[in-house]
Amino acid sequence: MRNGLFEWEKPLYELELRIAELQKFTTEEDMDLSREIATLEKKADYLRREIYQNLSAWQQVLLARHPKRPTTLEYIEMIFDDFIELHGDRCYRDDPAIVGGVATFEGIPVTVIGPQKGRDTKENIRRNFGLPHPEGYRKALRLMEQADKFSRPIVSLIDVVGAYPGIEAEERGQGNAIAECIRQMSFLRVPIVCVITGEGGSGGALAIGIGDHILMLEHAWYSVISPEMCAQILWKDSTRASDAAEALKLTAEDLIGLGAIDAIVPEPLGGAHKNHQEAGANLKAALRENLGALLKIPEDSLVEKRLARFRRLGQWREKAVVVSEHR
Amino acid sequence: MRNGLFEWEKPLYELELRIAELQKFTTEEDMDLSREIATLEKKADYLRREIYQNLSAWQQVLLARHPKRPTTLEYIEMIFDDFIELHGDRCYRDDPAIVGGVATFEGIPVTVIGPQKGRDTKENIRRNFGLPHPEGYRKALRLMEQADKFSRPIVSLIDVVGAYPGIEAEERGQGNAIAECIRQMSFLRVPIVCVITGEGGSGGALAIGIGDHILMLEHAWYSVISPEMCAQILWKDSTRASDAAEALKLTAEDLIGLGAIDAIVPEPLGGAHKNHQEAGANLKAALRENLGALLKIPEDSLVEKRLARFRRLGQWREKAVVVSEHR
Amino acid sequence: MFKDLFRTKPKYVTVRPQAVSIKQDTSAGLWQKCPQCMNLIYKKGLEKNYYVCEKCGFHFRIGVWERLRQVADEGSFEELHTHLASENPLDFPGYSDKLAQAQEKTGLDEALIIGQAAIQGNPCMLAIADFDFMAGSMGSVVGERVTRTFEAAIEEDLPVVIFSAGGGGARMQEGILSLMQMAKTSQAVERHNRAGLLYLSVLTNPTLGGVYASFASLGDILIAEPGALVGFAGPRIVEETTRQKLPNGFQTAEFAMEHGMIDKIVQRKDLRHTLGRILSLHGKGLVPSA
Amino acid sequence: MFKDLFRTKPKYVTVRPQAVSIKQDTSAGLWQKCPQCMNLIYKKGLEKNYYVCEKCGFHFRIGVWERLRQVADEGSFEELHTHLASENPLDFPGYSDKLAQAQEKTGLDEALIIGQAAIQGNPCMLAIADFDFMAGSMGSVVGERVTRTFEAAIEEDLPVVIFSAGGGGARMQEGILSLMQMAKTSQAVERHNRAGLLYLSVLTNPTLGGVYASFASLGDILIAEPGALVGFAGPRIVEETTRQKLPNGFQTAEFAMEHGMIDKIVQRKDLRHTLGRILSLHGKGLVPSA
């Protein structure tokens, strides 16, 4: 990637440069190049669709990691009002890699949580590149349990490569924290909408990914393991991440087919980083629709429906068993 | 204190030495000294009562700290069967300063917890002299919540100078851990018997001291602050601990009058350290009686009774308020 | 006290700003020295600036009435349970005198006042502690008032806001009865919690000991003023016990927040607004019609 | 598999000790080298000693049938849900072959067997993972079996005992479906928990990744075998990510216990007795008559 542009965007970029040049001519030299420009625009449109609608799984992964992609706090800023960030796990530390708090969504109080990547190097270091420690999951759970107390819907915005695989994280029970988060989140009596906005890496994403409706941005990925690590384990070759990405079926379209997610939120052409406002507006619209639907479900049946949703996931053959009763 | 003897026990000790000498003579020299021995025994009996039944508050404090006094694990060994120690707060660390687990008490499964002092220097260092960190209270709470799940009565054996006032303890939320323990323990739906077996120091004791019945060993103390610290704060002179002990009303007899405890468990004459077996048997009898009584109370009313018990504690004057309704 | 005996029922007591007491007051004149940056501050300006040093942001301690003026809607406060009087249940040497002196010094009957109030239009039960009254420590009356705050809130279906300043923790002069207030108040908090109501605990400088280790740290949301000392064992005790040098900023609000113990640090000037916003987010008016 | 298709209903399947598989087996002869102390151990003695090195206490990995022999009452095990067969839902390259190889190698149809059993007379639902089957990893069938274990236990009002050995965590060849088994199994655990029933989770070497970060760490009581590797991210990943030298004993059962993550480390020879005692302490027979 150079200047925030991927290799595969280069032909399009060059075309766009030429269009811009011609437009400059039009104004500066007072020449009518409108026909030439129209032709090129048409070509660019075609190329754009050609490129962005045929991204490989691996290209989608790279796109989901684009450094200018909106972060959780940016989505919160665009979508919610009156956000009040709350901190701490009441046990060990406030983990800056996960943010959370209360806000209103179109007048309705909600709890919103999510991992937060840094928007620059300094913030990335402070936020550990958005890789949570156990205390991050414990904070998220604490805030979600408070949402339960106050009957507030929960919005979980997920963008995380994975739970941090560090020494201290292991010491403080990363596995245990994830498991508890999954367990408790499953039984909260309030509507939960989860959105994979960028990366959905393994248990670190699932920990805060138990929802009634699970949405995914068009170019996000969600997988049991990162493509690199998968390639490393399978073929001892992390450069084959692209093959692994393909094999893992980690794109939104794949996952909707497998029943892991419920809906895809469209991104601006070329990815959310091309137009934050549009990405935010799309997500807002999706939340409006999904929260609206969930708020109509009686509280009593919400948890049962949620559990049923996960209960049926998996694929196996149920072989016939002939039981002969003779002894 | 020398050889495990307090200063005030010296006259008695010397008398006991002389009796032993005379008895030695009787056997070795075949002399009949039974009359002299009987006289001295009578005198010793008198002296024993004189000394041990008129201990000052400060002497009681020192007695409660006797290094040979039975520890929590020793009481557990003497009183319960099949004790299985369980470990860990599932968050940061297993605190060796608090022990806990499941056991049976005369056939009934119970959860038993308590701070544990070391029985020698090495163990004292390992167990931080029985001064718990927050994770100790979190472990205790975890085990008590499990007792609640399985409808097991809880026995909390308390012998702790206080929660550890250390840097890391503060970092990990000592105050918060204590408050949570108090809060949650108050609402457990199972019978809880607390016993101050030795020292009951402040919030560190109260954290695991919320019971339906609160017992106290005869020579234990229980106070809002240690006498030394009280003297230090009040008079800038910790050597006046003896005066502070008096003023704080921290003996079992004082506390029963103030409504803070419900019953006193007798100790062997001279203190529990003089006869572990007897001390254990006394405590066992008291637990039998108190658990028996609590098991007869319907589960529904247990928590309300417990809360009511604490609700009325405190002493104040309610002044007449004449409300004139004119405006 | 006499004023309580023949009290006309003031549905809304007027806030008494004359009772403002700033601590660290070293001069009786027009100027106040900031104990943090050592600058001299014009007292009138200090008052306008919420008793926060304009130069360095140091938060001076303030009394209950000034606190009320800063956070509650004007005229909204109705004081409750003023008729409780402390006794000396243990005949603790010197306690009665100390109580009298504290009453003299603060004009308060005890270290905490409670009542119903509104914050930016949001009704709540409000309790405020005063450090100047025996270091804001909790004896029977403070414990009872805190308990009644939660009980009244359950009764009236209201959130609770408490400003703690219990540097003295549980009051040793009432011995075990003070310790038992930790249990009593924590239980009241939990009853209120189980009624599904909000409890905002605001930790002001200093909140330590038995106050911190009971009701003060059990809020749904914990807010602290910048620099406020927050912890269980006081820093001197920790230093003496461990014989270690305390880390920089040990037990400050910022330290507590880094260690996950509090939700938010809020400047005094923003407190009213932040409390109002949080109360309104938890208000009944916002429940969606679906 | 064929044996399942025409299965006579063996109310109590006889334990199959011939299926014992010890890992780290380097010789086909009478002697086995201990990978920890490097001593040569007489295999017959090893079998008698629960496959634990007499010299150094090293716990060899054992297969499901040997595990069953060691902990369950003889003849008490009734295997359940044998009729589930793994598919290749993602058409993951090579997965079908790997499954076939694993089945060949272990004689098992999947990495976990479940059934009803008794331990020292205490009835329970029992699940045992086999590391030799694709590193004990959890795909759809393992997840489904674990889930059914808890569902059957709720139905039958029974405690659950699970021996995990999921070093492979969630099985990547089934992609997102494996990840979802973490949710499904954790939810089953919690349903069982809410029914007030006991779940004993026994962590054997190694229990990592998605298995540890779901049902395996959610037991009421967590027991581990000495030296078992227990954690979320495997030690190699941690080392590569952090570029730090791992502390001694990192992620061993002893390390996890020191850090408060497990309740007890139990020698293999004591497991049956300890499990029996705990089950009996939680049994229905002991409820007091009051």
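By written order: A, B, C and D. Residues from 1 in each chain.
Following the convention adopted for this analysis, a contact is a pair of C-beta atoms (placed from the backbone, for glycine too) under 8 Å apart; a residue touches a chain by one contact, two chains touch by 3 or more.
Note that the structure is a prediction, hence the values are computed from the model and not measured.
> Which chains does chain A share as contact partners with chain C?
B
> If you average the Cα atoms of chain C and of chain D to get two centres, how far apart are those centres in Å?
Comparing mean C-alpha positions, chain D is 53 Å from chain C.
> Using Cα averages as centroids, what's the distance between chain A and chain D in whole Å?
Using C-alpha averages as centres, the distance is 33 Å.
> Mind checking the centre-to-centre distance between chain A and chain B? Centres are C-alpha means, answer in whole Å.
So the centroids are 54 Å from each other.
> Could you pull out the residues of chain A that touch at least 2 other chains?
90-92, 172-173, 176, 180
> Listing for chain C: what residues touch at least two other chains?
Each of 259-261 in chain C touches at least two other chains.
> Treating touching as the only link between chains, describe the layout with one word: line, ring, star, complete or other.
other
> By the touch definition up top, name every chain pair that qualifies.
A-B, A-C, A-D, B-C, B-D
> Can you list the chain D residues touching chain A in their complex?
Touch residues, chain D against chain A: 4-9, 82-87, 89-90, 92-94, 139-141, 143-144, 147, 170-172, 174-184, 186-187, 189-191, 194, 208-210, 212-218, 231-233, 237-238, 241-242, 244, 246-247, 250-251, 255, 259-261.
> Inside the complex, what are the residues of chain B that reach chain D?
Touching chain D from chain B are residues 82, 84-95, 102-104, 107-109, 135, 139, 146, 149-151, 295-296.
> Touching residues of chain B toward chain C in the complex: what are they?
Contact set of chain B toward chain C: 163-167, 169-176, 178-180, 182-184, 186-187, 202-203, 206-207, 209-210, 222-225, 229-230, 233-234, 247-250, 254-255, 258, 260, 307, 310-311, 313-326.
> Give every residue of chain B touching chain A within the complex, in rising order.
These residues of chain B touch chain A: 90-92, 134, 138, 172-173, 176, 180.
> Could you please specify the touching residues of chain D with respect to chain B in the complex?
Chain D reaches chain B through residues 193, 196, 198, 220-222, 257-264, 274, 277-278, 281-282, 286-288, 290.
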